[in-house]
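The two complexes that follow have chain A in common; it is paired with chain B in the first and with chain C in the second.
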Partner chain A sequence: MQGISFRRSSVAGLPAGSGSALPALLLVGLFFIMPVVALLLRSVTDPEPGLQNYATLFGSGTYVRVFLNTFLVASVVTAVTILVAFPVAWMLAIMPPAMGSIVFGIIVLSMWTNLLTRTYAWMVLLQRTGVINRALMGLGIIHEPLPLINNLAGVTIGMVYIMLPFMILPLVGTLRAIDPMTLRAAALCGASPFEAFRRILLPLSLPGVAAGGLMVFVMSLGYFVTPALLGGTSNMMLAEMIAQTVQSLLNWGLGSAAAFVLLVVTMALYAIQLRLVGARRAGGGI
Partner chain B sequence: MKLFLTGLLAGLLAATAGKADEMAFTSWGGTTQEAQTKSWAAPFEANSGIKVLQDGPTDYGKLKAMVDAGNVTWDVVDVEMDFAIKAAKDGLLEPIDYSLVPRADLDPRFSNEHAVGSFYYSFVLAWNKSAVTGEPTGWADMFDTKKFPGKRTFYKWSAPGVIEIALLADGVPADKLYPLDLDRAFKKLDTIKSDIVWWGGGAESQQLIASGEAAFGQLWNGRVFALQQDGTDVGVSWNQNLTAADVLVVPKGAKNKGSAMKFLAAASSPTGQAKFAEASGYAPINTKAKAEMPADAVKALPDAHVEGQINLDMNYWAEHRDEIATRWYAWQTK
Partner chain C sequence: MLLDYERLGWLRVALVGFTAAVAAFLLLPVVFIVLLSFGSSRWLAFPPPGWTLRWYQQLLGDPTWIDAALTSARIAAMAAMLAVIIGLFAAFSLVRGEFRGRQVLRGLLLTPMVLPVVVFAIAIYAFFLRIGLAGTTVGFVIAHTILALPFAIIPITAALEGFDKSIEDAAIVCGASPFQARLRITLPSIRIGIFSAAIFSFLASWDEVVVAIFMASPTLQTLPVKIWGSLRADLSPVVAAASSLLVGLTFCLMIVTALLRRKLSR
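Coming up: the complex of A and B.
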């Protein structure tokens, strides 16, 4: 944590280097704040002024279902991603640096491959006549193909795979900052490895877990391609629903309202997390 | 990549605002747009000297955004017919100038004041022969999971087709389909819901059937035709094949309206339609086109299967599009 303390040193109440942040702020204002305002305006003016789009949204069982489903998928993906990423991050943190950078390279390499290509590759692997099912059936382990695609399992597998680097990167940072002597001290005091993990490593790594988890969760909420290709219609996510509403039904008001609600809920979650973990720690480790 | 570059070019074109000797044509990409480029755009360029920039895929949201913003970069767009009828009502389309586009030989089912037919097609029942024992003979077989086990694939989006298929399978006579009994259709679809794999685009439908991932499917006849051309062992039943059409429209405020009308004339001409039909397996909307086609190509067209053929009612769909879509997605996401 010491390494990043300069970020918080301040001159006259403003963080150091605020002046040079001006271009970035302008960029955010122009290309983020303005579209969001336009979105909000559209949701209360299209096709006519009023809140009817929000009434439709919350009155429609479909949208509410898709909303809940979106949060369910994002939660499952986040939980599984944390479970898978933690051991990898720990291994990376304690590896000799030379080897660590090779493993790191392999993980990051996956991010350089086109998203659509990777998703199609999963389709080939997961489908009923796909590689995994054929192999398992060939080995006599199963007799009926496992339903790995067009359902929650397919979406989870595909999305966890994509989200892993975003979880591993902040976690490695946090884990590397933990003094290994604390673990040795725990062992010396008679703690079992599990005890040491539970009482030392886990609490100390929470800021990294929280930062990565939030990032993965928020990214998952808006995901489009992977759920559309690997999921079934009964776990349709909001992004796909919005795309349909806007592109095919041309109902921009309703689509804007849905997008705006998603944005508000996401920001609320972020605010809650800031309160729980503390602003410094939520941003730490990245 | 090529599509991206042409898209970029179309964007640049918009910036320089409509040169007289260029126009942009937008369609759905894939084998269909390739056939359109070869059969319509290339000869048109040679004859008229007007350069046709290809863009795509068709996106109704984008079309509306262009018209709303008054910056229309697409001159001719290939759209589904029910959308065209609705878009014309919403004021998104230019009327067709039939003084420039000869109308006498156009199939009246697929052209109107704001749209010239692009091609028409049928939804047919196709199956992977190695994944199916026996031979399905009609839509009812897609709902009979005992006699024909396996996954079945249907078109994912709310569009003419699946509702009608469910009703036909449930015993509704072809001439009593409209107005659609949605309750009855969804009840019928409920019986096989867990056996359905949805396809969102033509290539996906082909992949599902060719791999045997889905044993049967409701497919566009042109996609089945392409599978057969590739040597895939697929069976097809034309029983109660359902026709629908794509049409060509000119968005309101298109910058090269004159060129667009000339392009429409070339695309809907007997020769343009004959060439496209031969390349795609989709049917021509010009009644004189078949005379210019080889006999075996004519045999592959929906025209060869008019007995029991049912025309999906595009006017009904245009009118009830939103209402059906609401029900459709409510059912689908349940």
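Coming up: the complex of A and C.
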């Protein structure tokens, strides 16, 4: 097929084949890049030129606490998600397909269910008089209702729930790609199951764990809805603080500065993520 | 033996048990909310003292809920349509283009999926306030199209990468114009990708909360904004009814998707 070339001569000096991306590029440039850049400029110009917004942000105990809490929540959520997701992904990778497809179905149903619906369900389940507290009291495990909402516990449960599919689905791929023979060989050579796990299965699946974990961490850092509804006022996260600063306090300068911090951290971690999985597969479980 | 399901021994019992527990954890809120929506307790007590359809009557009898749902559907349909069309054109360039910076362009077009939504939300809100698009349907559709675009581009590029271009070339050799060849040969071949793109970008808009909270006006509210407002006020069981209908919708969408995929891939 060398003889026929359907590459039309480039339009208006554009490189070959790039023309059809123009509408997308225009849309993203005009309504994504430009507004975001304008917002970042606002952080150093509003209310007056200078770095005073950043000085406020890093100088005040309140905001520093928000930063620390954001990292804390994201770290806890990521750790718990990895611990819960790994065994499930492991089973899904080797289970008979008939059983596996039921679990996959449940994962997809929970993932596709409206985010607010899921969060609302957790608000009801976790409240003081909610099912979980009543069940635990009914079983005699506790005598007083546990504080499960408007605190770290609530945010962690709600966020892990949302993040699990994003960790499980890519991990299944990683684990399926591991040759079972390597583990059979380990067993033949006398490795105990624990040793085989520690020295073979875990190291071989580590790239997948790292990539998935990083994605969950990045998503958690900027999460707004679930922390806002399940978290407490004393452990506010960055995204909620940004929204509040702009919407309620109308302090655009400070809100923009905080948004810039979030953007830089997110994009830096995303760049690392791209290195880990390669640009092609970035973007997760679609 | 850790990757041989049949030879896991006692470990299998533990792992299967754990997987079942996690599946139950994932299913719990969805099932629970549907059950509660039929419960008669105003305070969402569980198990409910009785069963009722009252919350559904209240929901369907309240024009503000119906309005919000229709607004959401309208905006999501327009955003999905735009995202799929623009994404389709972009995909051709991303897969077949021969120019430097193709990967950069791809990364750029996928950024809206990675950047925390709250940053984009206040940025576009500030921008739309200035040019008078805040609180308008047009503004909503533009913002949601941006957020939906990556969800359209990913499945379409994947489908296009799996399509053998020589079939299209053959059509051209047989006398079709390049446009005809793409329309009648290539598009039907990548229809599963286009179909997934439509579903994902519709959902991206339909479920979107953060941009919508900023963009909404008293006269223009999407369903998530309406739910958000009710959640902040109180945990009314009417929200449970609305949520259950959304769960039902998701379930239907999953079944339709599975059936269509099976049919299309024949």
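FYI, the second predicted complex is superposed on the first by the 232 of 286 C-alpha atoms of A that agree within 3 Å, B and C clash if a C-alpha of one lies under 4 Å from a C-alpha of the other, contacts with A are read in each partner's own complex, and residues count from 1 in each chain.
Following the convention adopted for this analysis, a contact is a pair of C-beta atoms (placed from the backbone, for glycine too) under 8 Å apart; a residue touches a chain by one contact, two chains touch by 3 or more.
These numbers were taken from a predicted model, which means no experiment stands behind them.
Enquirer: Counting residues of chain A in contact, which comes out ahead: chain B or chain C?
Expert: Counting contacted residues of chain A, the larger count belongs to C.
Enquirer: Between chain B (first) and chain C (second), which, if any, makes contact with A:35: first, second, both or neither?
Expert: Second partner only.
Enquirer: Tell me which partner A:128 touches in the superposition: chain B (first), chain C (second), both or neither.
Expert: In the superposition, A:128 contacts chain B only.
Enquirer: Thinking of the overlay built on chain A, is A:193 touched by chain B (first), by chain C (second), by both, or by neither?
Expert: The answer is second: A:193 touches chain C but not chain B.
Enquirer: I'd like to know which partner A:242 touches here: chain B for first, chain C for second, both or neither.
Expert: second
Enquirer: Between chain B and chain C, whom does A:161 touch in the aligned arrangement: first, second, both, or neither?
Expert: In the superposition, A:161 contacts chain C only.
Enquirer: Take the contacts of chain A with chain B and those with chain C, and give the residues found in both.
Expert: The overlap between the chain B and chain C interfaces on chain A comprises residues 127, 129, 246-247, 252.
Enquirer: Quick one: which bits of chain C touch chain A in the complex? Just the residue numbers, please.
Expert: 1-5, 11, 15-16, 18-19, 22-23, 25-30, 32-33, 36, 43-46, 86-87, 89-90, 92-94, 96-100, 102-103, 105-127, 142-143, 145-146, 149-151, 153-155, 166, 169, 172-173, 178, 196, 200, 203, 206-207, 209-210, 213-214, 224, 227-228, 231, 235, 239-240, 243, 246-247, 250-251, 253-254
Enquirer: How about chain B: which of its residues touch chain A in the complex?
Expert: 59-62, 64, 90, 151, 156-158, 197-198, 200, 211-213, 321-322, 325-326, 329-330, 332-334
Enquirer: Hey, which residues of chain A end up touching chain B in the complex?
Expert: 60-62, 65-66, 69, 127-129, 150, 228, 232-234, 236, 241, 244, 246-252
Enquirer: Please name which positions on chain A make contact with chain C in the complex.
Expert: Contact set of chain A toward chain C: 1, 4, 6-8, 15-25, 27-28, 31-36, 38-39, 42, 84, 87-88, 90-96, 102-103, 105-110, 112-125, 127, 129-131, 134, 161, 164-165, 175, 178, 180, 183-184, 187, 193, 196-197, 200-201, 218, 221-225, 229, 239, 242-243, 246-247, 252, 255-256, 259, 262-263, 266-267, 270, 274, 279, 282-283, 286.
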